[in-house]
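Lettered A, B, C and D in written order, each chain numbered from 1.
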């Protein structure tokens, strides 16, 4: 299965891409995906001010949802506003 | 000499005209001009909410200025705003 | 910076005035505008207004508007201020008043436009009458206008 | 009454939008609009911004704007509400955001536009970067934005 990661704001610069497709065996959770990323990026994504959305719905802080094929996980740093 | 009276708002309806030229012998004051007008109009012009302007400058309440030829006296009822 | 203050005896195009004002405000982050127009329909339980007329007294009206603009400029950090007001007879849908305030910080622009409107509505030298059922009647001041004005006193 | 809420990825003509909105507001006495544009000059002691870019996250941004519009409609007596917001790259002088609120009573229109702007500025899903000296840099949230927002809490 494949999940899509989306990086907003300065997280995009850090990741080097705006979106990334991550192939998984299945059965993994969010924490597993983060563990597979380069350390500095994973640390930034785990930052206390970074919010997460799974398929367009915001997750509660600390949530570690199971992932399914085609899921989209967005990493949202503090907004700079309109 | 002649002074011009200007009636604003509903005072114009009461006076029947927006402006009126009043010929005077000279030496008269505001109170004299009012005394020479029809009673109901004079009463309305003396109303406590009516402000007066002489040649475009507001008068203090109760002022009774001497008048000179060509003076313009405006009677200003409460404004209804913009 | 001087304000653009005009008393107009013929219809004006509010959007064109707002556009020209905003284009001139290169330094401003924000432009707040208030447009007051003659209502097309009546309020609930009210008769339809066929026309509105604003009379003024030239020696006082425009000088009063200029003084108001000066007060707003002194009170807030603005990069531009425009106050346009119609006089004469207007039809439903016609613009009556347009206030535009531009500022680096939008809070200043909002406050200045709000302040100018409150003062125009309650203190400016206009007498208003409405035509309803073919008959003209003078409009009395509204108590709310004075309540609005008191918001700015002592502030 | 539904609100007109749009996310635009190309330049828009603010005055034309304000004009169309105001013409549709026959029942409203007052239309308040806020236009935010990319500043043409820099602030004192600041570098000139050559371009501004707003990124968004489509699954959240427009739904968030629609929820904000719904909140304003529930909170004030409005006859119309429009919220337009640019995304993508903008040049100095380009409009970024336009909020128009129309109401029978101007106090409602002022409050709704002010409320919408405070929330767009601090809570909406936009990430902003500026190009200065040929280099792009991300803009951090401003503490004032959160102070502005607190004005509406518990009110």
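Annotations for the structure displayed:
To be clear about the criterion, a contact is a pair of C-beta atoms (placed from the backbone, for glycine too) under 8 Å apart; a residue touches a chain by one contact, two chains touch by 3 or more.
Computed from a predicted structure; not experimentally measured.
Contacts with chain A and chain C are shared by D. Chain geometry summary: the mean Cα position of chain A and that of chain D are 28 Å apart.
One finds 78 Å separating the Cα centroids of chain A and chain B. Chain B and chain D have centres, each the mean of its CA atoms, that are 51 Å apart. Residues of chain D found to touch two or more other chains are 36.
Multi-chain contact residues of chain A (touching two or more other chains): none found.
By the definition given earlier, chain contacts exist for A-D, B-C, C-D. Residue ranges of chain C in contact with chain B, taken from their complex: 36, 54-55, 57, 59-60, 85, 96-97, 120-128, 138-142, 145. Here chain A touches chain D in the complex through residues 6, 8-10, 12-13, 53, 55-56, 58, 72, 74, 76-82, going by the rule given at the top. Chain contact summary for the complex, chain D toward chain C: residues 13-16, 18-19, 22-23, 25-37, 39-41, 43, 92-93, 104, 106-107, 109-110, 113-114, 117, 148.
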